[in-house]
Amino acid sequence: MSRTRDIRSADSPPAPPASAPDPQRVALLLRPPLLVGAAALGGARVARGIASLFAGTLLRAINRQSERGAVAEQMFNIGNRSLFFVAVTLGFIALVSVFQVCLQLNRVTGDLSKVGLELIKLMVHESAPSLTAMMLATRVGAGIAAEIGSMVVTEQVDALRMSGVDPVSYLILPRFLACLLMTPVLAVFAFGVALGSGTAMAYVAFGVNPSIFVDFSAVTAADVGIGVVKCFCFGAAIPVVSGYCGLTTFGGSEGVGAATTRAVINASLAVLALDLLLTVAGFMLFPPSAA
Amino acid sequence: MTIEFRDLHKSFGAQHVLRGLTMTIERGEVFFIIGTSGVGKSVTIKHLVGLLQPDSGEILVDGKPVHGLAEREYYPLRKRLGMVFQHSTLFDSLTVLDNVALPLRKHQRMRMSAAREAAKERLAVVQMERYADRWPAELSSGMRKRVAIARTLTLEPQYVLFDEPTTGLDPVSARRVDEMIKRLQTLDVTSVVVSHDLTSIFTIADRIAFIYQGQAHIIGTPEQLRAADDPIVQQFISGRSDGPMETPGF
Amino acid sequence: MIARVGDVVIGVTREVGGIGVLMLQVLRALLPWPSMDARELWRNLYRMGVKSLPIILATAFFSGAILVVQSGIFVRRFGAEGLLGWATGYSTFREIGPILIALMFSGRVGSNNTAELGTMTITEQIDGLRALAIDPIRYLIVPRVTAMMVMLFALTVFGDFVAILGGALLGQVVVGVDTSVFWHSLFSNLGTWDLVHGLVKSVFFGLVISLTSCYFGISVRGGAVGVGRAVNASVVASAIGIMVTDCLLTLLMK
């Protein structure tokens, strides 16, 4: 027995990982309230970290601490990564929503002439920006967190700081500017794809003439304004949230996977929360008038 | 009761790793497969349990061919041929005790409590019963190796394959693992050990195959290996960096 | 450009084929009788379901709230306040609820699953199972697929409920439609089929997410970097899979 103890003290086992849950130790009934409490506390800390990173990034953006080449490279990365993805997902969403709306309207009124008009209005101020941003949160957010996260665990970020380079202006700022500029571009592209597939679905399945379906007359300046503001807000939120998740990576190579997951979830939730906020604000500022 | 390799060839892409390996492992011996890193030692034993398939050549266990089978046909074989991996490969999601109990539950249809009791006995054999409720991440690599050995022995295999059992262990843990391998001989278990740990080689090996350029360069007892007047073998066992040996990648 | 499109097509075909093969293996593992490791199933049900409940509920609340305000715009334009509950419920139950919850589930659970199986693959734990003569498909994949299908279904039920609550709340506060009007409009215009339509979808989304994430997990190559890449690819492929499945199911079920 004493030999076993000797061996144990010779190479003392590493401390248990903080994230290792032990479901058997805590009574199952106690868990949900504990989870909510822990989530609230953790959420507050994360929110503070994200806010300070956002402020820091803005400050550096005003001081122009970024190379144009780096921004252009990130813009290419973002576009290259997500063009196909955004096209496929938004295309299918438009197919389905046109189908569902027409199906229901057929039962109620049978008048499908206004479907395109209303859906295009909805797409401009809501669907195109928010769904594109949801997809970017998945694609680009995960990518940013994985890149920065693996730089953190391989101590490349520490090496940057040792050589006097500020990680925020070197890593976060180019991605921030690139995402800010690319989100509206991709949203417009997504709008085009969705319009195309929606028009096709209306024509093929319900015989709505494309010349009736494609009708921009209901789109007001306020719709376009809300859409653009949403694009910029989402474009700012995604890189900051996922960059924060990447920079706070810990726990070796497995930590990078965890950071990627957190980035996707947090960036998506941020997009949803901002979308609710901006939608309500838009509703209050430009109250819809009767048609 | 032998393992035979006949003219085994295996390539990974452009890398021709095994080039006509031929050797025979006899019942009850501690057989070492040695050589420099990347020479195909681990690749060789992974062929035995069907984790890899040869490009050409034959592998016979007890006279029956064991290459080119379907995955399910390997299961009876793998119960007779246990394998201890280099990094122990304990399952992260199970405690030490449940790691050892898993094969018992799966193959002997034991109930959870019975399997745990049996697993405790196995852990006692490798002096790890005090750590039964720990998670694998909380153990040192030496302790993990001992648990892995206990887990492999639960199925009472006739052959146990060890992939670099002492690599990455401190000298004390390494010698304890060596003792465990040697003790298996008393249970009529044949051990095939892949290693480049010179201390293990010259303390517990019965016979040794030195792999060089994809072939068994020399096979013999430790004494024969020491006495061999082959410059390549002498360079390996004296650990000199200069010599006639060609080491790809360096 | 054409070469890139070709690469994409070849890549997509290979992944879809791999996922299809995995599905066949899962089905085969259910023969001759469907049995699976109860502990592994229970562990996965717990960590996939209970652990993602807060995120799913938050998502559901947001989506219900956004939908009600969006519907509010049309309701005001056409002066049809009595239709608010119907419009919100219809879009929540049939489309937005199941899709958004599935997307978040894929981001949380699917990516975790890929990372876990990927780590097991590169640390040879899968080979470890095979060397112990335990079928990794039956032991690891079948419980995960089952757990994800069950849990996504259950979470969608909860999520639909919370989304409607969020919708009713914001309908009262922002749009100014009384909750009693909202409930009346919801219950009198929507049938069980609208709810079932979405829940059936959620089961299939669970299947798609689980097979995709397991496939990318067990086919990881290239060490720790490979795990990161697989997680990324798995989330993206799951999202595309969800959209395509949704389209097919919508056309099939009407």
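Assorted remarks:
Just so it is clear, A, B and C label the chains in written order, and each chain counts residues from 1 on its own.
We take it that a residue touches a chain if its C-beta (ideal position, glycine included) is under 8 Å from a C-beta of that chain, and two chains touch if they have at least 3 such contacts.
Just so it is clear, the model here is predicted, and its values are computed rather than measured.
Among the remaining chains, A is positioned farthest from subunit B, on the basis of C-alpha centroids.
Ranked by how close its mean Cα position lies to the mean of all protein Cα atoms, the top chain is C. Computed from the mean C-alpha positions, the centre of subunit A lies at a distance of 48 Å from the centre of subunit B. Our note on geometry: subunit A versus subunit C, Cα centroid distance of 17 Å, whole angstroms.
Centre-to-centre, using mean CA coordinates, subunit B is 42 Å away from subunit C. Multi-chain contact residues, meaning those touching two or more other chains, do not occur anywhere in subunit A. With touch defined as above, subunit B holds no residue shared between interfaces to two or more other chains.
Residue positions of subunit C touching 2 or more other chains, listed in rising order: 43, 119. Only residues 8, 43, 46-47, 50-51, 53-55, 58-59, 62-63, 65-66, 69-70, 72-74, 76-79, 90-91, 94-95, 99-100, 103-104, 107-108, 111-112, 114-115, 118-119, 170, 174-175, 223-225, 227-229, 231-232, 235-236, 239-240, 243-244, 246-247, 250-251, 254 of subunit C touch subunit A when the two sit together in their complex.
On the subunit B side of its complex with subunit C, the touching residues are 46, 49-51, 71-72, 74-76, 78-79, 82-83, 85-87, 89-93, 98, 102-103, 106-107, 112, 151-152, 155.
Residue ranges of subunit C in contact with subunit B, taken from their complex: 39, 43, 116, 119-120, 123-125, 127-135, 139. Residues 21, 23, 31-32, 35-36, 39, 84-85, 88-89, 92-93, 95-97, 99-100, 103-104, 118, 122, 126, 130, 134-135, 138-139, 142-143, 146, 149-150, 252-254, 256-258, 260-261, 264-265, 268-269, 272-273, 275-276, 279-280, 283-284, 287-291 of subunit A are the ones that touch subunit C when the two sit in their complex.
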